[in-house]
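Below, subunit A partners subunit B and then partners subunit C, in two separate complexes.
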Partner chain A sequence: MKKRIYHYLVILVAVIVVNFLLPHLLPGSPLKSLVGENPGDMTAAQKMGILEAYHLNDPLWKQFLYYLRDLFSFHWGNSYSKRQPVTTLIASRMGWTLLLAGSNMILSTLIGTALGAWSALRRKEKKDLPLIISTTILDSIPSFWMAVILLAVFGVKLGWFPIYGAYSMWENYTGVKRILDILHHLALPLLTMLVTSLMGFFTTSRYSVLQILNEDYVKMAKMRGIPGNRVLIWYIMRNTLVPVFTMFMMEAGYLLSGSVLIETVFSYPGLGTLMQEAVKARDYPLIQYTFLIASVMTVTALFLADILYSKIDPRLEVLNDT
Partner chain B sequence: MRHKKLLAIIAAGCILAESIPVSASESASTAEMLNISITNDENTLSPFTYVSGTGLTANRLIYDTLMTTDTNDNIIPWMVEDDYEVVDFKEYTFTLREGQKFHNGNPVTAEDVKFSFEYPSSQNVSGQRKVCDKIDSIEVIGEDTVKFILKEADINYMRDGFCYIRILDDSVYEGIEDGTTVTDTVGSGMYRLEEYKTGEYYKLEAVEDYFRGTPKVKKINMPVMRDSTAIQQALLSGDLAASTGSIGMEMLDTFEAAEDMQVYSNPGFAPTIININNGRAPFDNVDFRNALAYGIDVNAICETLYGDHALPGTRGAVRSDLDYALEGLEYVCDKDKASELLEGLGYTEIKDGIRLDSEGNPLSFEIITYSGNDTRSRICELVQAQLREIGIDIQILSLDMDTADAYIWPDFEVSNGRDYDLSTWGWSSSNSLTYLISLCSSDFSVGTYNVCGYASEKFDSIVNEKLSSVSSMEEMNSMLKELQTVIAEEVPLITIAYPDTMQVCNTSMYNGWVSGKGMNVVNIFSFINVQ
Partner chain C sequence: MIHKKTAAAGWIILICMIAAAVLAPWLAPYNPYSDMFATYLKPSPEHLLGTNDIGQDIFSELLYGARTSLEIGFLSAFLSIGIGSMIGIISGWYGGNIDRFLMKITAFFMTIPFLPTVIILSAFTRPTPCTTSIILGIMSWSGTARIVRSQILNLKSKEYIQTIKAMGASNFYILTRHILKELLPFLMYRSSARVRSGILSESSLSFLGLGSTVVKSWGTIIYYAQAKNALLTNAWIWWILPPGFCIILISCSLTMITYGAESKTDRRLE
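After this line comes the complex of A and B, so read on.
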C-alpha cells in the first residue's frame, strides 16, 4: 500500500510540474487578456511593463517558484481574463459540471451495463443485433452534432426543453420549482452526454458477461439448479463488476473536463467551458488551476479504484501481494 | 405516491408555461423585456474589464461618450451640446448637455469628463491608454464645460477619442490603482447593469429619466451564448430577440424565409486581408508581390464567398466607397501579367507545374489561417488554386487563433518581427483616418498594426512630411489618396473584401431595431428615439 501511495505522490508531483509548464509552452501571449481588445495600441514599453508586473518576463524557474508558493498557500490569484479570483470562478462552475457529468456517469453506467448484460444474455436469440447496431451508430455520432440535433428537435421544433443555460435565468424559482427547473434544463445536455457515452459501458458489460457465461462455475451453478436470477446476479453480474468499475473510474477522471463541447452548445455554465475559455485567452492562472483540479481528480479516481478493486474482488489483492 | 407524481407533473407544466419566450407587446414599438444573447463573457462590462469588441457593444448601452457615430457613420454630439468648438484639430471645447446623471444618482460634471480622459493613462487598457496619452491638458471651465488640448493636432481624435472614451463617475474610480478591481458598473448610459453572473448572463434595466429620453425596451436580458448554431436555433425558436453576434452566409436563406425575422445587412468596415510578409524573400520584392496581386482573383473570391454581401477590396486598402478612397484601384486578375512578372524575376523554370527559383527549389509557401474560421479557410483554398495557375504552390497551415497570432504578431508588437509567408487576417475596423498609417508605416511607434513588416520610403516620407501639418479634412483626404497610390503600387498586402455585418432580429417582439454602416444592431439607436 505504501508503495502505491509513493507512486501516486510521484504522479501528483508530475501533474503539478506539467500543469505549470503546459500553458507556458503554448504559443501565444496572455497580453490580450491583460490589456483588452487592442493590445497593438500600447507601446512596447507599456506592454513590457505589464508583463513584468505579472512576472511573465521572469525566467521560467522563477515563475515556477511563484506558482508553487501560490499553489501551496492557496493564494491562487486572479484570472487574467475574468478579473476574478480563480477559486471563485472554479467554485461557481464546478457544481454545474458535477451535476451534468455526475448524472451522466451514474446513468450511463447503470443503463449501459444493464443493456450490455441484456444484449449478451439474448445473443442466441439474435435480439441483441438491433441494440448493437443502434448503440454503435449512436457512439459514432460526434457529441456536438448530437447536441445540435437534439437542440433543434426537442428545443426548437417541439419546444419541450429550454435551449440554453442551467436554469431559467430570468425567473426566481425556489424550492421544488427550482429543482424541477434545473432538471428541465439538464435534460438535453444530459441526454446528449448519455447517448454518446453509453457505448463504453455497453460493450464492457456485454463482453464481460459473454466471457463469464462460459465460465465453469456459471455452468456448474446452472447444473446445480440454482435459480436463474440468483445465477445472474451473484455469479454473472457480480463478476462483471470489475471491468465496469474500471470503466467507471476512468470516466470519473474525466468528470470535470469531458463535457466541454456539450456545455458550449447548451451554454451550460460548467467548468469545461471555463477551461476552454482559459486556454483560448492564454489565461495562465486559470489554465493551471482548472487543469490541476481535473488532473488531481483523475489521480484520485485511479487511487480510489486501486483501493476498491480489492474490496470488489479479493482475488486482486492476492495477485497484488504476490 | 401518485399525488406526488401528479404534483411534480403540474409543477413541471407550470415551469414550462412560464418559460415561454417573451411575448411581443401589442405594437412591438416598445417592449417590456427582450432576450439578446452576448457572444462572450465580458466581465463586468466596465471600460476596464471588457475584453473584446462584443463587450464594447454592450458596454455602450451602459456608458455614454461625448460624441458618437450615427447610422451613416457620421460623428454627432451625444453628451455635449451641438455648438462645440474645434481649433486646428488640437483644441476641443465641449459643454455638457443638461440633466445627465450616473446610475448611482451623481450628476455628470465636467470634472468627471476630465477624470475619464486622465484615468485610463494609468491603467492596463490598450486602446484607451493610447487615446488618452495624446492629451496634453484638460481644463475644466465651470460646472459643465471642458477644454481638451492635444499634444499634436489630430484630425481623427473626434472618432478615436471622443466617440470612444466612456465617461466615468470619478467618485467610483478615484484613488483606485487598478480599475479592473472595481466591481460596480456605474455609467451614465441609457441602461444600468442590474445583475451580472459570471459566464452566464447580464440583466440590464432602462434608465427611465435618461437625458435623451426613456429607452423603448424596459429590460434587456443578455445570456452568454458562444455557440453560433445554438444562437441561430434560439433566434428561430423565439428564445432570443437578437444577438450581438453575426450570422453566417449559409444561414441567410433560412432567416430570410423565417416568419418575423428581419435580416440586417450593413456595410462592414472590418476587412478580410491576406497579409504578405514583406520582410521575407521573395515577398520583399515589389514585383513578386504584384505578381501575387495579379494572380489572385480578389473579385471572384469575394463573389464566391459573400455574393452581394461584401464590398470587394481594392489595391488602395480602404473601402472604395469612402470619401477619401482613390478611384480606379480595383484588383484586376491577369494571369499573363503575373507570369510575366515572375519570369522577369527569373522564375522561368517549371517542374510539375510549379516554378523553381535560381537554386532549383520550388516556389512553395505557407499560408496561415485560423482553424475555426471556415470563410478564411475557403479563401486559402481558392488562393491556393489560383496561385497554382501561375506556378506558385501554397500550403495551408490551419492553426488556432493564438498560435497563429504568435507567428504573425508576436506579443502584439510589430517590432518583435514575424514568422510567416502569407496569412489570412482581419482588423475590426478600417474607417479610422489613421488606419492606413497604422497599417503601413515602418515607424512601428506609429505603424502599430504593420504586421506585414512593410517598409516604404515613399509611404513614410508622405506621412512624415504631411501628417503633423494637416489642418483640414481636404488636406487629410489628399494625403490619404497619396498613400493609397503608394500602397497600390507596392502591394504590401491584399485586401480581399469588406464583408457586410449580417444580424438577425425578431421583429414581432420588438420592431425598433436600427442598424447602419459598420454598426451592430445592438446599439443605442435601437432603443431610443433620439431627441
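After this line comes the complex of A and C, so read on.
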C-alpha cells in the first residue's frame, strides 16, 4: 500500500516538474508565451519589465520555487487571450465538463455493461460475426467526425437539437425550464460520447460474463434451483465488477481526452473547449494549466482505482504485496 | 480460417489505400495544391466531390490526404514500436536498477493523459508531418515496452536461451538472433494496431487545427470544412463524409489485420 502511494507521488511530482519545464524546453522566447505572438511591438524597457515581473532573469531553480509557490497558492497567472485569471476560467468551465463527462460515465457504464452481459447470455456461436463486424466499424469511427455528422443531421437539418453551447444564452429560464433547456443542449454531445465509450464497457462485460458462464459454481447454483435472476446478479454480474470498474476508472482518468474533441464540435463551454481555444490562440499560460489539471485528474483516478481494487476484491491486495 | 480471411481482406484494403496514396499524382484529376477553380462547387463529372472554400478539388485533396495520413501512421508506429521494444528488451534482459529506472519512466508515460499531452506538444512546436509523427511516437511506446519486457522475462528462463548463454554467446547475438525472432509476431501485431491509432490521432489533432498548415490530410480537410460552416449548407455531404469514410475504412482494415495477427501470436504462445 505504502509502495503504491509512493509510486503515485513520484509521478505527480514528475508531472509538476514537466509542466514547469515545458515552456523552457521548447523553442521560442518565453516572452512569447507570456504576452502572445507579437512581442515585437514592445519597447526594450517593457520587455525587461515583464521578464523582471515573472522572475525570468533569475536562475532556473529560483524560477522553479516561484512556480511552486504560485502553483500551490493558486496564482496561476492570466490568460492573455481571455484577459481573465486562469483559475477563474478553469473553475467556470469545470462544471460543464463534469456534467457532460459524468453523465456519460454513469450511463455508459450501466448501458454498456447491461448490453454486454445480455449479448453474452444470448450468445449463439454462429452469430458472432455480425457483432464483431459492427463493433469493429463502431470502434473505427473518429469521435469528432461522428459528432459533426450528428450535429449536421439532428442539429442543422432536422433542427431537433440546439447546435451551440450548453444552455440558451438569450433566454432567462428558471426552475424546471432551465433544467430541460440544459438537458436539451446536453443530448447530442452526450449521445456522441456514449457511442464512443459504450464499446469498452460492452466488450469488457461481454467477455467476463462469457468466461464466468461456464464456471462450475454457476452451473451448481443453477442446479441447486436458485432462481435465474439471483444467479445472474449474485453469481455472474458480481464477477464482472472488477473489470468493469477498471474500465470506469480509465474513463474517469482520461475524461478530458474524450471531451476535448466532442466539446469542440458542439461549442460546449467545458474544459475541453477551453483547452482547444487556448491552443488556437497560443495562450500558453492557459494551455499549461489545463494540461496540469488533465494530468492531475488522470493520476488521481488511477490512484483511487488502485486503492479501491483491494476493497472490491481483497485477493488483489495480496497479489500486489507479493 | 476466418482469421486468415479477415486478415487477407484487411491487407487488400490497406494495399489499395497505399497504392492510391503513392499513385496520387497520377490518379488525382487535379493537383489540390496548385489547381484552382470556382469555390464551393457542387459535385459534378468534372469535380467528383465538388470544390472547397478556396476552389481546390476535394476528390484530389482526398487522394493526396491519404499520403499524409498513411505517412504519419506508419512513421509514428515505427517510432513507437522501436522505442517500446528497445526499452522493453533492455529492461527485461538486464534487469536490476536499469529495469527499475526504465519501468518508472514507462509508468510515467502510461499515466499522463495521451490526447492533452499530444495537443500541447503540438501547440508548442510548429507542426509538420514529421514532428507530429515524432510526438505521437514518443507518447505511445509505453504499452509496448511493458509487454515486451514481460515477454523477455518469460523467454529468458527458457531452456534453449539458457543453453546458448551457457555456450558463451554474447548478449548482442542472443538478442538479435533469437529473442527478436521470437518477438517478431507480437511486434507485427502491435505495429498494425499502432498504425491505426496513429492515423486516428493524427486526424483528431488536425481536426483541432493542430495539423500541418501546408500539407493536406483527412483531418485537415474536415477541420477546414467545419471552420467554413459546411454544416450549415449541404456541403458536408461531399466535403465531410468522404474523408471520414476514408479514416473508417483504413482503420477497419488495420483492425482486421491486427485480428489476424493476434490469432497467429496466440498460437505461438500456446
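Here is the rule we go by: the second predicted complex is superposed on the first by the 259 of 322 C-alpha atoms of A that agree within 3 Å, B and C clash if a C-alpha of one lies under 4 Å from a C-alpha of the other, contacts with A are read in each partner's own complex, and residues count from 1 in each chain.
Methods note: a residue touches a chain if its C-beta (ideal position, glycine included) is under 8 Å from a C-beta of that chain, and two chains touch if they have at least 3 such contacts.
Note that the structure is predicted; figures quoted are calculated from it, not measured.
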item	value
Partner chain(s) touched by A:152 [first = subunit B, second = subunit C, both, neither]	both
Partner chain(s) touched by A:134 [first = subunit B, second = subunit C, both, neither]	neither
First, second, both or neither for A:282, with subunit B first and subunit C second	both
Partner chain(s) touched by A:273 [first = subunit B, second = subunit C, both, neither]	first
Touching partner for A:170 - first (subunit B), second (subunit C), both, neither	first
First, second, both or neither for A:291, with subunit B first and subunit C second	second
Partner chain in contact with A:11 - subunit B first, subunit C second, else both or neither	second
Footprint overlap on subunit A, comparing subunit B with subunit C	26-28, 148, 151-152, 155-156, 163, 264-265, 280, 282
Footprint of subunit A on subunit B - complex, ascending	8, 11-12, 14-16, 18-19, 33, 35, 37, 41, 43-44, 48-53, 55-56, 124-130, 180-181, 197-201, 203, 221, 223-227, 229-230, 233-234, 236-237, 239, 400-403, 405-407, 409-415, 428, 438, 444-445, 448-449
Residue ranges of subunit C in contact with subunit A within the complex	2, 104, 107-108, 111-117, 119-120, 122-125, 200, 203-204, 207-210, 222, 226, 231-232, 236, 240-241, 244, 247-248, 251-252, 255-256, 259
Subunit A residues within the subunit C interface of the complex	7, 10-11, 14-15, 18, 22-23, 26-28, 129, 136-137, 139-145, 148-149, 151-152, 155-156, 163, 253-254, 256-257, 260-261, 264-265, 275-276, 279-280, 282, 284, 287-288, 290-291, 294-295, 297-299, 302
Subunit A - residues contacting subunit B, complex	26-29, 31-44, 46-47, 50, 53, 81-84, 88-89, 92-93, 148, 151-152, 155-156, 159-160, 162-166, 168-171, 173, 176-177, 180-181, 184, 264-267, 269, 273-274, 277, 280-282
